[in-house]
Structures are given as C-alpha cells and as structure tokens.
Amino acid sequence: MSNILTSSIGKKILMSLAGLFLIIFLLVHLGINLSLIFTGSRETFNKAAHFMGTNVIIKVMEVVLFGGFLLHMFYGVLLQLQNWLARPKRYRIENYSQTSFFSKFMIHTAVIIGIFLVMHLFDFYLKAKFFGDVPLVIYDGKEYHDLGILVVEKFKLGGYAVFYIICLLIMSFHLLHGFQSAFQSLGLEHKTYTPLIKAIGIIYSVLVTAGFILIPVYVYFWM
Amino acid sequence: MTKLNARIPEGPMAEKWNNYKAGQKLVNPANKRKLDIIVVGTGLAGASAAASLGELGFNVKAFCYQDSPRRAHSIAAQGGINAAKNYPNDGDSVYRLYYDTIKGGDYRSREANVYRLAEVSGNIIDQCVAQGVPFARDYGGLLDNRSFGGAQVSRTFYARGQTGQQLLLGAYSAMMRQVNAGTVKLYPRTEMLDIVLVEGKARGIITRNLVTGNIERHFGHAVVIATGGYGRAFYLSTKAMGSNGSAAWQAYKRGALFANPSFVQIHPTCIPVHGDYQSKLTLMSESLRNDGRIWVPRKKEDAEALRNGRVKPKDIANEDRDYYLERRYPAFGNLVPRDVASRAAKERCDAGYGVGSGLAVYLDFEESIGRLGKKVIEERYGNLFQMYEKIVDENPYETPMMIYPAIHYCMGGLWVDYELMTTIPGLFSIGECNFSDHGANRLGASALMQGLADGYFILPYTIQNYLAAEIMTPRMPVDGREFLETEGQIRERLNRLMQIKGKQSVDRMHRKFGLLLWEMVGMARNSEGLNKAIKEFSSLREEFWTDIRITGGIDEMNPELEKASRVADFIETGELMARDALQREESCGGHFREEFQTPEGEASRNDNDFMFVAAWEYTGTGKEPVLHREPLNYENIKVQTRNYKI
Amino acid sequence: MDFTLKIWRQQNAAAKGRFETHKVAGISPDCSFLEMLDILNQQLIDKFEKPVCFDHDCREGICGACSLYINGRPHGPDSAVTACQLHMRKFKDGDTIVVEPWRARPFPVIKDLVVDRSGFDKIMAAGGYISVNTGGVPDANTIPVPRAHAETAMDAAACIGCGACVAACKNASAMLFVAAKVSQFAMLPQGKVETRERVLKMVAKMDELGFGNCTNTGACEAECPKQISISHIARLNREYLSAKIL
C-alpha cells in the first residue's frame, strides 16, 4: 500500500498544498510592499513590518511559512532527483511536445528563486531581525525599524533593481505553471472550472509580478 | 471413421448443455491446485480461459509471443459482440441466434456447439459489464444494441469501434488478477514450438524464449491452444504481423485432426492494397455498410478514367453508377453476408469495373450524409473515417472510400469434440483456433462471442471432465524422455533453418507464397488451380528449406528466425487448404468453387455429398493426408439455400 | 523519397548501444513508417547483416506494440497515431530521421529499439481489475450507468498501453497509464466498489518500479496516440487523496 509522505502522488499533493500557501503569502507580501509607494510615506510599511515581526499569531504563521517553503523546496528537489533517475539514459533529441513551456523548467526557475530568496532574506529579514543595523524612526512616540528606507536605498541602485526585476519575472514563470498545476495535483479538475482556474492563475501571476516590479521602478524613477 | 466422435450429449437440443453439466465429472478444490494447465495464446479465448481456470484454483501457465498478453490480435476487432439478450424487444432469442449462426455458416457448423454458444452468449455480456467493460449505453443508462452484418435483430453490443479491445482488456484484467493471486503464471515473449505427448496424451510444450533464444520445456496435465487463425498464410491479411498458425499446425503434426482448412473468411470492407512494400491490410468495420452504398461505374470507360485519375468519383452521374449489391440482392442490399459481398466485389473488378488500382470498389456515404447530416455520420463512424484518412490521405466525407476484400478470419481449425478437445487426449483448442461454430462463413460480431464463450463458460467446465481422471497423475519432471526428444527435434529444426543461408529473405518468400495462395486458394477456386497449388506449394516448400536466408543468431532475439519457422508452417498449411478446397466439390460460405455456381453466379451448395466436416489426419510431410468425415445432422433447423435476393 | 536514418542499435540489455546510420531510397509517400523499416531490414538482410529489431504487431494502431521515438517524439511527427499509422508523407524528401527506443529506467532496452514494458503488466496485476470471478454476476442491465459516465470511462479505456506517455514525459512518469485505468473503473458503479484499494495498490506498484513523478507538463496527453486527457490524472489524484484521507 501507498504512503502519502513517500508516494509520488502524496509528495505532489504536499508540494501543491505548500505551493498554494506560498501563493497566498505572496499576496500579503505584495499588499504590504505596495503600501510603500501608495501611501506617500514609509509609515504604513514600517508599521506593518513591525506588526509582522512582533504579533504572536504572525510569529506562529512565520514558522508555518518557513515550514511551507522548506516543504515545497524539499519535495521539489526530491521529486526532481527521482525524476532524473527515472531516465538514466537521455534521448538524443529531447521531446518537444506542444505543452506548457514553463512546466519544463520548474526546477530551474525554482533554483533561481531559491537563490533570490536567500539574498532577499539576508537583505531585509535577517537585517531587521538579528543584525539590527537598521535605522530607527519614531511614529506616535514609538520606535520602529525604518525598513522602508532600506528598500528605497536598495532600489535606488539600478543594478539591484534590475536583478530584482529579473528574479521576479522568473518567479512569474514558476507561478504560471505552478498555480494551475497545484489544482491538478490536488485533483481539483472540472471541465467548467479548470479553464477558470487556469485564467485566474495567469491573471494572478501577471498582476502579482507586475505589482512587485512596480515598486523598484517607482522608487528608482520617482522617489 | 472411428477417429471422430464428437461426443454430443443426448437429449433435446435445448437441454444438451444442461444435461452435460449435470452429468460431467468435476475436480474438487483440493485437487485443482495439483493440476497444471498450459494455455497457449492470450487473446479473448486464451485470456478468458486462463482467468477462469485460475479462479477455479487450477495452476495455469499462460504463454504469448507478444511482449504483453494485452496485445493479442483480438484487440483489433472493431464492430461488436452478439448476444441473445433481446434487450431491444425485437424478437431475438437463443434459438434465433443459433438459427442465424447456422444459416450464416451455410450449414457447415456443428449444431450442438452452436446452440450452446447461443445459450451462453448472454452470460458473456453480464460478465464483461461486471468486469468494467464500457459498452455503449443509451440515455437511460442501459446497454445499447445495434444491428450488425445484416441481422434482422439488434443483438450486437459494442464499445465504440473498439469492442475487441475492450473485451480483451477485460479478460486480460481478469487474468492479471489471477497473476497477482498466483494461480496464473505469465510467459510473455515466449513462442510455443511443439507439443509434448506422453503415452498419447498432451503433457507439455516446448517453447522458445524470444528474448534470449532459450528453448524451454513446460509440463501441463492438459494443454489448451488458443492461438487464433492461420490467415496470415496469405501474407497480406487483416491479421497482426505475428499472428500465426504454428501452434495448431504442430498439434496437427502430432496427431490432432485439422478441420475444414479451406474455410477462410474474406472480409469485404478493407482498405485496398496500395503498394508491393505493403505489409498488412486494414479492416474498416463492417458497420460502415449500414450507411454506405457500394458501387462501381456502370461503364468500363468510366472505370478506366477513374483509374487513371482523369475523372473523380463525384463526376460519375448516379445513373452511371452500378450499385451492384443493391442490384443483385434487393432484399439485403449492401448488408449481404461477408462472403457474398466479397465475391460480388471480386466479380465486378475481374470484369474490369474496378477503381483505384483496379482492385477496389467505392463505399459511398454521399447519400447518407445528405439524408442524416454529416454530424450523425461523424458520430457513428468518426474514428473509422479518421483512420481511413490517415492511411489513404483522402477525406471520406468528400470522396467515397475505396475498399476491397481481404483475408480476415479462419473458420477452419483444429477439429474438436463437444468438449473442445482435439483428437489428442488432453489437448484442447478454443476460439478461432478450433473449427466448430462458424461453419463455412462467420457472421459479423460472432468471433468475439465465440472466443469468450469458449474461454469463460465452456472450457472451464469441459476440461474438468478430462482432468477428473488425471488427479492421480503427479507433475512430471520436464527432463523425461519425451520432453527431451521433442526438444531435440525442435533444436534440430531451428538449427537447420539457420544453416540454410540461402538467398531469399523470409518476407520475400512469404509474399511470393501468399500471392499464390490468394490467387489459387483465395476468393474463387477451381480444380485446375487447386491441383496446381498443391504442386507449387510442395516445390515452394523445398525451395524454402534450401534457399531461405536468416541473418542473426539462434541464441538471441531474432525476428527473422521466428518468422521463418512460422512461414515454413504456413506453406504446409497452404497445401492442406488446397487439398481441402479440392475435395469439397461444392460452393459454400467462404469457399467458392467456380465449377459449382448457379447460372446467376451464386454459390451452389451440395448438401447430399458434402454436409460434413472434413477433418484431415497428418501422415508425414509431403505425404497425402487422410480425410475423415464428421457428418452434420440438423435436427432443429430446416436446411435451406441461403437467399439474400428476396 | 530518400531518407537518412539514424537508428539506435544495441545487441542486448547488457550491451552498450550506439547510433547507426543507414540510407533508404525510393520510398513511397504512402509507405508506413514500419514498412519503411521493413525495406531497410530487407537491405540489411541482403547484405547478410542483422535487421533492426523493433516491436510491432497489429499495424493498425490498436495493439500498442510499436514503441519508436522518432525525431524527438513518441510515434513520430503526427498526432493521434501510433508509429505503424505514421506515413512517410509526413516527412520531407531527404530528411534525416533519428529513431530511438523508449527511454525510461523501468523500460530497459532489450535489443535495438525493443524495450521491456512488463512494468505495465505488473501495475495492472497490482490492481487494474474489478474483482469478479467468472459467473455469478448480475444481469448486465441491473445497474444503469449514466451515459456520460460510460463515455468518460470509454475515453479512459481507449489506452493501448504503448508507453508513449512515459516516453514523452520528461520525468518518465506512468501517471497517464495508471490514471486511465483507475479513471475507467472509478467512472463505473461496478468498479467504484474497490476504487480505494485499486488506486493505492496501482500507485504503490508504479512508484516501486521507478517511474518518475508527474509534474503536470501535459506531454503525455500531447503524445498519446489515443489522446487520453490528463483530466484522468486529476481524477487519479483525487481518488488517491480521498483514499488517503477519507
């Protein structure tokens, strides 16, 4: 009999659950980020960041989030290794079926996103949380880390902004396949709703990526 | 003729099978697992038999030459399977199915076997549905039926155009379940090369492992041959490339009688031959004749213009078209039985009215598309039209299909008694491989019925009547004298084949032989041609054994060696077919002797002299076989001339 | 038409294979791909060489024996056909055609272009059936099956077990094959009864044999000669999930 943690389908189910969770997280993240450019000051952004760093529920969620990332990455790598092993001798001419283009490069996009994530964590999250070399700012008599200024300074560097945008585009490729793929892996397929899910997936991937990209562009040119 | 005892049970026809089952001997469960049964072939008959015998608790060994049992050629059957369920309430019954089958077989099949076939036909459908065969259903969720091959009732169950596939996968699934349970052991990519007889009884087989070339010996308390027909003797046929008659032929050479070898079925609706490199003919389901009209031009000059491509079929005015089946057989029209339709096509083409290469007629859907709309035709035949277009590169919605008859099925086969046992004790033959149920012509959708009837519902009973007396026979070691001797003979034969190192490849020689067989023992036969065939095949056999070229080794995968061994048997089979056709001085069903026809060119049967099964006994290669006759008596049916005109 | 063929040759499972180049000339466009290989083999035999081994049987696209990976595509450059139904008119005169065997760990090469697909039989033996014995079944019309369900079951049941899905998949996954069988039975009341056991056993066997994991690329569906939809894979996933959590 088959075990859900080790079977091929079980692993995919866990992968997709984690993936969907990360997709939701991205929305939250985007919302906070956008406050940086839409509220006219860094206050909302910094307060939100503070809230995210101190609230007990969010702290629990933070652990869950890291768990989700690790689960998604762990199973992603495991599945990929097994998949490579399943074809020890490769074809002379690789298959070029008319299928979803991005689906063929999930591991490649994933590795780049992974590297980006590490740098991203280092630049913002770890700095704020452990290294403490973040300037302070006072709102309503309370001290906050001015993470916003950190972001602005980074994005004022053109090279960094470009790198950030490229990474986000790669993330969108990952999402373009990943979003609908998660539903397929969970068996959520229906002849009426699947096209809808696919459409939402595309809209999501494009809008979320565009939203994230908007920030460095805005900062670089108009702030 | 003491050799032939059909052992038909006593009693009225409708009670024979029940009486048989009531009186037969059975094997108790504890003894079943001590008994080994070898089943050769995993088509509908073989797989269903292996599954059913395994379920009963026998120890089954199933052999097939394909890489998986699921590839057996039953899978290619398209149209459907008959059963006397009478779901449509159109007057069908066991008696009517039996009657139609006997009549369709032109009164050359064994009455008791056919009645039993009709009796169990309903059980087959129940069984297949329970196995998950996705038969077509109507909107109420109940099973749908269609009329097939000109039957007056709708008794054909179908699964799109893939009925054979679905039934085979059902039987294959059931067999794989027994593989899992440990009662059936599978031997794929393994070809049976001979039967081992111990004290006159079938006790095992010699096989060749087609991957390693190893010759292996297997023991069984009984051996069941379910290896289909020998139609690929003709080279071009609708059979699979690997289909062969060798298992049955070896059985014949070991003493089993071979019945009615000349009764082969030529299917009227196949895609015509298009080149000399061609390896096989593709069947288009007979169901196409339900809506397609068959025609050739009325004028020879039109036919010639069509052949040269100067005009298109649609340029021929309706009054210049000869709908020859509708003209000759007003009552049945395009739905006449296969043998009649095939001969009529040949007659027109021989007379110079053929289209395409000259050996083709049109099957035209223009009228039915006009009447029913393209959508309906697409629903009914979409996959067939698509298949045709893939092969021929013409769109049959716009231009008529071209068809021509091709070898399709063998009614003849190993002679078996009521218990499906050959004249060798312990050697059984089921499905197309035996001769019993279809007489001289098989009706559409009856082959699937017979294969599954034999495998699911008949053999599992009758074989026990034989095995009940074998429970004291211990499993024999396969290094006994008889096993080693038979293996030695096989090794010698294969080595001899390998050492010829002649000039002609197996395919070339097969193609040459196949053409001769088609010309002389094909759709129309005469004594001159048949006598010539017997001589030519005999010298071709000599030529084969001195001039064949097989490259590669004997101890490796070697398809050339496999084919050579089969073709060697085909040439000998061809000789027997010609002899059988020669002795049968009448025309019946698929056997048409030009000397015996009515002034209108219809088959002329001779019931006084030829109402018998011709069963041939082997006496040695190149020697004349001995003919045994099993007279046929029809107690429950009035023997009539088949008439499809009125 | 003339072609240059680059064909994988391998003496046996243990041997190291290589590509061999052969030329064939004067091929009719109406010739099927396998008939073209027959012509090549005839040339080889004429030169006292070993012909190329390849699996084939019915040559009408239903037995599932053919297993040629032609120019980067299982069954070659036509859709919804097997290699035996592929005609040379689909190529251009003078083309170079690369022919490889199916490549997957559970499909080891036996010789030349012949691979061992017995893994599929093992998956079927693990659970690809409805557990009924011969006889003792109810009348066929006892349980009505909604027509749409029967049709979906038939769509899935059309699988010929050729393995093109595995060959096409970048992960050598057998999910479409397994899904087709699970889905067929899950759509029918007769098969519904033991869906749970079936799906768990078949998936476990598939994994044990070393097929890769499905990443929903859809290559299997694109190359399936019977055009079996990956919606059946979704159904398999669903059945698996409900077998595990319900």
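We just call them A, B and C in the order they show up, numbering each chain from 1.
In this section, contacts are C-beta pairs under 8 Å (C-beta built on N, C-alpha and C of every residue); 3 or more make two chains touch, one makes a residue touch a chain.
The shown structure was predicted, so the numbers you read here are calculated from the model rather than taken from an experiment.
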item	value
Most central chain, Cα average position	C
Best-connected chain pair, where connection means C-beta pairs in contact	B-C
Whole-Å gap between the CA centroids of chain B and chain C	27
Euclidean distance of C-alpha centroids - chain A vs chain B, Å	63
Centroid distance [mean C-alpha coordinates] between chain C and chain A, Å	37
Parts of chain A lying in touch with chain C, wherever the complex brings them together	1-2, 4, 6-13, 79, 82-83, 85-100, 103-104, 106, 177, 180-181, 184-189, 191, 194
Chain B residues within the chain C interface of the complex	48, 51-52, 55, 66-73, 75-76, 85, 87, 123, 125-143, 159-160, 162, 165-166, 169, 172-174, 176-177, 179-180, 186, 188, 211, 238, 240-242, 274-275, 277-280, 282-283, 386-387, 390-391, 393, 456-457, 460, 505, 507-508, 549, 551-552, 556-557, 559-560
Touching residues on chain C, where the partner in the complex is chain B	11-12, 28, 30-32, 34-35, 38-39, 42, 44-46, 48-51, 53, 55-65, 78, 80-81, 85, 87, 89, 110-111, 114, 116-118, 120-121, 124-126, 128-135, 137-141, 144-147, 150-151, 153-154, 157-158, 160-161, 184-185, 187-188, 190-191
Chain A contact footprint on chain C (complex, rising order)	6, 19, 69, 71-74, 98, 100, 103-106, 167-168, 170-173, 175, 200-201, 203-204, 206-207, 210-219, 221-223, 230-231, 233-241, 244
